[in-house]
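Comments concern the structure below.
By written order: A, B and C. Residues from 1 in each chain.
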Amino acid sequence: MPSRLPGFQPLLTLLTFLGLFLYWLTADFFGYEILAEIAVFAILAMGLDLLAGYAGLVSLAQGALYGVGAYAFAYAAATLAVPAPWAILLAIAVSGLVALVVGAIASGVTGIFFIMITLAIGEMGYEFFFKTPLFGGDDGFFGIPRLDLSAFGIDLMDPASFTLLLLLCVLLVFLALRWLVASPYGVTLIGLHENSHRLRALGLPVRLYKTTAFAVAGMISGFAGALLAQHTSFISPELLHWTTSGEILVILILGGLGTLVGPLIGATVVILLKHQLSAYTDYWSFWLGLFLIAVVLSGRNGIVGALEELCLLALRRGKLRRQGDAAG
Amino acid sequence: MVGDAGFWFIQILNSLQMSMLLFLLSVGLSVIFGLLNFVNLAHGSLYALGAFIGYSIAQASGSVWLAFATAPLAVMAIGAVLYYALIDRLRNAGPMNQVLVTFGLIFVFLDGVRFLWGVDPLGVTQGVPFSGRVEIFGQIYPAYRLFIIALGALVYLLLHLLLEHTRIGAEVRAGVDNAEVARCLGINVERSFLLVFLLGCALAGLAGAVAMPTFSATLGMGVSILVPTLVVVVVGGLGSLKGALIGSLLIGSTLTFGQVLVPDFAGIIMYALLVIVLLLRPAGLFPVRS
Amino acid sequence: MLFSKKTYAAAALAAVLAGGPAAAEEYKIGLLLPFSGVYAGLGAHIENGFNLGLEHYGGELGDNTVTLVREDTEAKPAVGLAKARKLVLQDRVDAIVGIVSSAVLGAVRDFAEGSKVPVIVANAGNNDMTGERCSPYIIRVSFSNAQMNRPMGDFMADQGIKKVYLMAPDYAAGHQMMEAFKETFLAKGGEIVGETYTPLHGTKDYGPFISAAKAANPDAIYVFYAGGAAIAFVKQYHDFGVKDEVPLYGAGFLTSPAYVQVQGEAADGITVGLHYVPSIDTPENKTFQDAYQAAHGKTGSEFAVAGYDAARLVVEAIKASGGDKEKFDQELAKVSFNGPRGPLRLDPATNNVVQNIYIFENRFQDGKVEQVVLDTIPDVQDAPNGCSL
């Protein structure tokens, strides 16, 4: 989404990352947990942003692909004793492959139908892991190991170190996506969103682009899944449930679609808000709901859009005042 | 398994009953979507509200019939508030904002119901109409389920009459077909929007009130009915009464017979059906606009 | 009141007997339960019971105090683990009490063992947690999925029931409940004529399944359902008139005290087995029920009792360890007392609760359901099942 205030989003991005790293520096134990949750959901939401924000494909299967990645890592690392770095790559590859198939099926429909078909396929994935004893079924999958960087003198079992690694992964995914959306592929995707008919008339294989976008988003989700599996060392099928996908979507829309920093801010705000509210009341969900409604009523593209608007207003007012001073 | 006609006839009745309940919910959502282009994820929450409000009315008045009659009106009133406060404002805000706002409403309603009615499941145990049983082909079947089937059929007939044989109905159909042109023709499309939305809410409330005696009112009921309802709406095709009915029948029978014939796959059979239908008919079975 | 003259005297006596000055310790207990969302119900019951237990038995703590830290699991494993980490690493709790969902317990288990902080499980019933995955730091005071079903298998076989049809939701708990029933029922020569596992996330319409079960011509139907599913199942079983021909039995959650009044007449004639029923006629139970009803306006459920007994467990362990926190962990598993459920102790081989199972019949009289105890099976204990403590 083209910004009305050039330089705003890069500045916001810088500030957000700085804020998160500052939080990490001053965090207590629970702070690390919160940051870890933010990191995983930020990655998930950024992946969905590529799909929904840039390519205009709203998917409720991201949770399912997240789960596939988590289970792929878990099975590879714990059961097959594949070394963690390879298991992570495997998780990304498997979820990318699954996403490719799902994307190929789903790309034939649009709008609400696309949303529903992704939801349906996601739910089938959920049922699969729920019922399959090989992956632990609904009892869950235990004993997932973590990446071992002790050769580099880094102890990833220390929450501070692991959380920092997660934050660096967020940065990595952000930079990769930044590069992708600016590339010819990315530009084409955006064009697809805005006018697929025209592009199709120009001979563009629209379905191929949609399918590959789905696969890329799937790989990102799978990566997030592999990270989560290491964070909690236990996973269960509810990762694939549509409500997880729904959470990712809510975070993305709240943050701001098509901005890449939106998902990051959305994840930070929702998770921080949730934990802060839950310290005061058991009805935190009510207040979170009101907050979501308020942000929508503000009429802009999520929080990023609202902040941008505020800045614009402030700048305009400043400019008018200076003009007034100059004239008067 | 049983090869006798009585058993299968009972299952047909079961699938009809499931379909009718789904129909009451999906018809409102489908026409709201078709006309207003508004995806109301909070529709399941209205169903839950219908059940809880119905419970309270039944407890207070001792009459479950009164609950059936007034709970839909109460939910309609809540719908009116929602319409003027949110829906009307956000009709052109795009699907993403609509998703977010209605998600927010789901959270708000869930906690609101918990705050007002507590955490435990609720239900009426006395004064439920049609609580007897009938005998069909040597099998016993609850009369209440026949009531639900009859109610669904009645609602379908009334809606059909409303849409096809009244002026208001014609205006709604025109609005679903092409709101721009309808406006140009002098049709008060805005009024149609409001009417359709309120009717959809009332039907959701009715479904909840009617489901409550047999399923009880629980906190999770709104969220758990949402996906089957969306599946029906999408499979049936947006905006059409016929689509909602056929979709409901299809999903209702799939769920019922699927659960009996292939219980291991009962969980995914509905989703598999949706995928197959959308692959063959990307806009659902009977969309009003193709 | 908490501090009567009697308790001061008891505390003083305890201090003298313990030998040496009793250090006044502050014990922090983390209450890890779902306080939001659709599972908030069980969280509320357990918390109410726990607080009542502290009120009743807190006076025996002497100079020691118990401080509670509440955290919401949202019934999600990842969130439960994050909160558990907070409780242990940040709040430095001495024990965690709660955990409704077995998936959350799964997520927390390894962490609890690694950090050597005991988790007193007040609900999650998965057999493996006191079986294959047992741990000195997982102490279960509620029930195991198997426990209430074995006595029912014996009971029904003794009643002369030969052919049974089983039904349960298709997830770990459903299967574990049915397996336990089969263990004893088949051993006494019974026959399972059919077994159906219904979709857990379905639409709670059991009509098709009930019709199919009846068509298999069993002598009785045995099921496990809980919560809204149980209410729906019982009502629908009644509506279909099957109860007149085929009696219904089940694991006690089917007609749990928490919602049996909602089931009303539909619950009439159903016989179940559960580790607690409000009509237990003992002074301990009367004290519990009177206080619970006065405080909350409803009958104390088996979930509330689990919370109540968990509080008692904590207090007894604090007393037994004489304020020595090192000993507290070990003392937890050695506690035994007579509570509202009857005699309660922990099995040192599995850390699972050993308790009575009550077989009771639901009778609808004068607009209310009475739960009449038919038989009490004492000392129901799970086999180690792969646990080595």
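The rule is short, and it goes like this: a contact is a pair of C-beta atoms (placed from the backbone, for glycine too) under 8 Å apart; a residue touches a chain by one contact, two chains touch by 3 or more.
Given the structure is predicted, the values throughout are model-derived calculations rather than measurements.
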{"item": "Contact-richer chain pair [A-C vs A-B]", "value": "A-B"}
{"item": "Chain separated most widely from chain A, comparing mean CA positions", "value": "C"}
{"item": "Length of the line joining the C-alpha centres of chain B and chain C, rounded to whole Å", "value": "37"}
{"item": "Centroid distance [mean C-alpha coordinates] between chain C and chain A, Å", "value": "39"}
{"item": "CA centroid of chain A to CA centroid of chain B, Å", "value": "32"}
{"item": "Residues of chain C touching at least two other chains", "value": "36-37, 40, 170, 200"}
{"item": "Touching two or more other chains - residue numbers and ranges from chain B", "value": "110-111, 114, 223, 267"}
{"item": "Chain A: positions in contact with at least two other chains", "value": "130-131, 283, 285"}
{"item": "Chain B contact footprint on chain C (complex, rising order)", "value": "36-38, 40-41, 43-44, 170, 196-205, 207-209, 211-212, 215, 227-228, 231-232, 235-236, 239-242, 258-259, 261-266, 298, 367"}
{"item": "List of chain A residues in touch with chain C within their complex", "value": "28-30, 33-34, 36-37, 130-131, 137-140, 142-143, 159, 228, 231-236, 238, 278, 282-285"}
{"item": "Sites on chain C touched by chain A in the complex", "value": "35-37, 40, 72, 76-78, 81-82, 85-86, 89-90, 102-103, 106-107, 109-110, 126, 128, 133, 170-172, 200"}
{"item": "Complex interface listing, chain B residues touching chain C", "value": "1-2, 7, 10-11, 14-15, 17-18, 110-111, 114, 119-123, 125-126, 131, 133, 139-142, 144-145, 213-216, 218-221, 223-225, 228, 255-257, 259-260, 263, 266-267"}
{"item": "Touching residues (chain side chain A, partner chain B) in the complex", "value": "52, 58, 105, 108-113, 116-117, 119-121, 123-124, 127-128, 130-131, 242-243, 246, 249-250, 253-254, 257, 283, 285-286, 288-293, 295-297, 299"}
